[in-house]
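One chain, subunit A, links the two complexes that follow: it is found with subunit B in the first and with subunit C in the second.
And now, the complex of A and B:
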């Protein structure tokens, strides 16, 4: 009897379990942001508003932030679209796996390592200029200035864009490719009839996402910008908060940033979600494509080199330090701590992501489109609000008892999870909204609800995007320095903290070794999670359900 | 089960009774890292204080001040360690600090230090560190640097976000006064880039060979000479003199253990603390260490003049001088 009861009402099957976890996450985020702003506004002075209008410096800072972010976004997408198409045309491309892993890696590298890597290749005495010299060309590439910022932002974001666009292309149903192949459509018509309509749904959200990432970029803009004319709003906020104690100005600038990025975000999300999305497909339709070309391969190899060279520089610089590091137990302990924080952060972040998506889907189905959009937007707050403002908010809300390493690390994992949430949502949103209708119908017929629905429907169907999202979250957490510096404990450092400790103690060689270990760890994490995602599903029952076979039986 | 619980309670209470009071010190991360002075200082102080010394590392030296302002009256720390001459005026203004009330006669600094709140624990000069392999003959003065051939590049840190960056801004101001903006414009062609912090400049750029000179401390070569065993990186002595950096500590007015905090500040000026400074914080000790000062410190540059603004002056003009710098260079 008890057995039967449970099958009728599976755990967590009450409708509020679909709504409330997501709402709770959204409320938590809104609370942190509100606390952060209220902490700053406690010392509000109206003078700050007139300052904003009058200061040529602030106007220039805002203009430059918008300008470089627009250019960076445009360039990233211009590169990402052909790369995604080429990747989709060549599912058997040798090095495809490596290329995909590298595309995931570049985004999550800590900026100091990324700056080091880019400088080693594209710097004044980097490999590129050495090569140009070797060939005898008089031309020298100058990294510092707007071109350096754009290069770095393309290096971070084009791979991410390509990855997400590829996901978009893979959701085009196989039967459409079959028809296209029968009609003998070539590249141009294929683009117009299949690819562009599929990408058009992803592009606005993706573009705004990248725009925000570039808009809020900080250390890399300063390092490669060549001087104070390359100043983003984030720098000005840091300056006002940390050095001038001008809390009103900091709050005002943070609001300007929130306003610019947030309104773009709302516009994009209106475009992205109200359309009828194409149902997802899990086949590999790439083999059906007849428009593969040789120049795709050239493009892919060039892109591979573009991504791999800077990372190779980290490997080369790190090798000598690694030998010394290997004997140092500190680095292995840090690795263990980093890994456990990252795993917890990844699981938390994916759970929060699913919760938000479930709640917003429920709201949308009940006709509350605004609250659906607000729910999803809340997940992006950590991206829109400057880290220092969030840090202040968290501090006011939590007043952590610092010095307890494990408590500190748990807190770090939690905050990392929230910081990774925008990335997780970006990866999960499309697949979640386009679950195959057959499977949903079967699940509804079987009255599959609550944890059973999660276990037998969502997890199998979302396996690949979920693991990719988890990999991003874990990677971001592994490379995180800012949160760990606020709430971690120096006697129990994670890898990025160890790296900074070594740097400030002049242990350059050891630091290079640590950077290498961090890179290798990131690669392994992405490799394992992707392997796991690609493996065929083990449970035939869930596979049948996922494929909607039951309906035809 | 009950017996186990009893045992746990017993050990817990025993460890609590043994631990004595806990002195909480806010500081910056590199001070307490494995290679910083923190661990040795903790051990030495705990051996004589019958207490527990707990370092709380905030993300940088200015973050200490930021935290003080956020916590205000409810701050439960006993000591802050790691402010410098350029932030101490702001720290004083919070009204959260108490007079140190200790004997500071042991302090040896290149300037006369009279302050009833802040106790210096180390000091150094800002200087350009150069790579002798890339640049055998570095400029010998700020003037020479400004007038050097255009292909001589330097890396500096941003005065808006970093301590050495602000130090260099004050250095230029001290040497050139109202001429500073013009000189900044003249220097512009040599500046490869302006980084957010010291680590970005030193690690990402200088160690990658991007420029032969980087803004750092005159004591930086000591570490390379003593630990890396290389003379390759040296500081360039400038004729105009070098700007002074002094790092200070203070105790808090609301400290739960005022007497212990005072004892710690006094301990800071003893060899037991100071001998950890030269190679672990890579700065000069604030007292005369005699023979205990590592030999490599004799091989560091000794500026002919010490340049220094009173903390009050810095606090009053910092914003104006930074704006002046922005106007001169951000075009």
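And now, the complex of A and C:
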């Protein structure tokens, strides 16, 4: 009988290999954030602080940032709550699957593509105004300005909010719904007794999350803002850096943004932030309630149209544009750059996420709970420090050193990876923490440690969540506009930068083609990574024995 | 010989303390019985190194087992379920019992094939555990335990829910191991398992 050697030491099986990569990533994150800050602080001038109350422009920018973010959050939630309730009440709704897929897209749809899509539907010569013209109505909808920003923010955040609120409703035990049905509770009492208590737990964290996303919104405000009266802090930082070369003002604005976002996050985390920011984590079917009403269906169909129309516009307008621009090598070079940056960002982000989780798990098992919390928190630093703020600091720090475009792209991939890390951690944390205990015990007993454990246990078991996390990271990177706007070279753009350049130059047909390419690329990346995640794995050892079996037979 | 004396374990959540005493010699099977929650599985986990005792002694052939991690202990566990890695084939699940990196020689592969024949699973090497019945999965788990060849087998209700034929096959495999000198600790709620396999009996109280 084959006897195993219990003294065999698998490669990388020393505990330090579990601890140090994650610690190194955490230190790197802290270092990058600190470097960003030191870059800002180097340009900091105390006398610039007085601009905050002396400059009418700065006061307007800060006021508008808060105002539009508050309105966007309120409107998104006002739409998301009835949609979530309706989705929950109608588990058999015909377009439910499609609607849920579309709500997932909202997290990764490049903002610049969404802005372009909204222009195609709601812009001056968009579908809406054409339809209004067609029926002879004198009313014309003007997309640019506050209304455009709000529409785009609702388009992005209402689906995400609806999905998260739906998960909140799905956590209500089925028996409570059954009892409510037996008691004959109508909509009002049902809301008070079951739905509101469930949603109330989710809403504060969700509201803060959406507020921060809207507050730090960049591409939407850049494309739909419509002038100085509709400028946010992020856009003002960009303008200070790129056009006015006023680093002191950029530093001041970045600090203000950080102060507001950081304080909000602190308040939200004290009240318990929502742990399920990524859609699809809880996909159980709806309840057994059957008091379906026509109003709900109408609402759901309208919401479906609201989400699908802009995407259809990208496809319809983009195809002719793509055919017209197919010979333009710039699109394909940009696609290559975007894809390279996204792939590097996805791999980096997933590796960093795994390293942080492994290190924090080891710390927790060793009883060092504070270290474990600190390690995991490091991965969320980039939520507190928005991309443009981080980029600003690094831009100031690295400005003299960055010469070649590829250096800028490498930095973009790195920052994109860090930006995606909170989402990657969100996807991986659950599956990582709930690996089957008996499998782990058997693995320990079989000496399945180090690289062998990674190869034969962790990677196969975490395959699906890892690929989903990679898809999210790649999607976020593919759509990144804020970091590439700082570090990218106008002569070597990625797809979002190219789209922005084309829109700025009113090359609408070319922009349509580029937007279509971005949307198609996103779908392809999601499709491939999802398919790969589902594929059943066959190992070489199985094939070896299969050959042996035939010989035996 | 496996000996445990005043082996104390404290549950971290409840602060409840259990103390175990017992011994079992080569070629013997110790059946551990008792009501649910009395600590039967905890005893096996302490011996396997999945849990750490607060105090007391745990010796195998006079050697203190407690400082050793699970992979260095001369122990193989078979649980009621979850013994196999569902993402790996039967062949790979068995191969891991020989080398943790699945670096198998021709002789190792032959040993795996022979073991599959022995447990009545000829031709199933390419299948995945999800394609097997519960009884077939337990046979693979026992086959891997036999391949590992450790002198101490810990069986945590391994026959629960199995059909009578599979139960009989597995009991015979365990008896064969015992006759070859292995030490077996069996946790079971089934009196017939205890009667057919055990030489000694340890009754735990709640």
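By our rule, the second predicted complex is superposed on the first by the 281 of 553 C-alpha atoms of A that agree within 3 Å, B and C clash if a C-alpha of one lies under 4 Å from a C-alpha of the other, contacts with A are read in each partner's own complex, and residues count from 1 in each chain.
Note that a residue touches a chain if its C-beta (ideal position, glycine included) is under 8 Å from a C-beta of that chain, and two chains touch if they have at least 3 such contacts.
Here the structure is a predicted model, which means the values were calculated and not measured.
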Which of subunit B and subunit C A:227 touches, first, second, both or neither: first
Touched subunit A residues, subunit B compared with subunit C: B
Which of subunit B and subunit C A:133 touches, first, second, both or neither: neither
First (subunit B), second (subunit C), both or neither touched by A:457: second
Touching partner for A:497 - first (subunit B), second (subunit C), both, neither: first
Contacts of A:507 with subunit B and subunit C, given as first, second, both or neither: first
Subunit B versus subunit C as contact partner of A:446, first or second or both or neither: second
On subunit A, the residue positions that both subunit B and subunit C contact, one per complex: none
Contacting residues of subunit A [partner subunit C, same complex]: 1-4, 6-8, 10, 436-439, 441-442, 444-449, 451-452, 455-457, 460-461, 463, 536-539, 541-542, 544-546, 548-549, 552-553
Touching residues (chain side subunit B, partner subunit A) in the complex: 29-30, 32-36, 38-39, 54-59, 62-63, 66, 69-70, 90, 153, 158, 160-161, 166, 188, 191-200, 202-205, 207-211, 220, 223-224, 227-228, 280, 282, 318-319, 323, 325-326, 329-331
Of subunit A, residues touching subunit B in the complex: 39, 57, 60, 112, 115-116, 119-120, 123-126, 144, 218-219, 222-229, 231, 235, 238-239, 241-245, 330, 392, 395-396, 402-403, 482, 485-486, 489-491, 493, 497, 500-509, 511
Complex interface listing, subunit C residues touching subunit A: 45, 48-50, 69-77, 79, 81-85, 87-89, 91-92, 95-102, 104, 107-109, 111-113, 123, 125-126, 128, 146-149
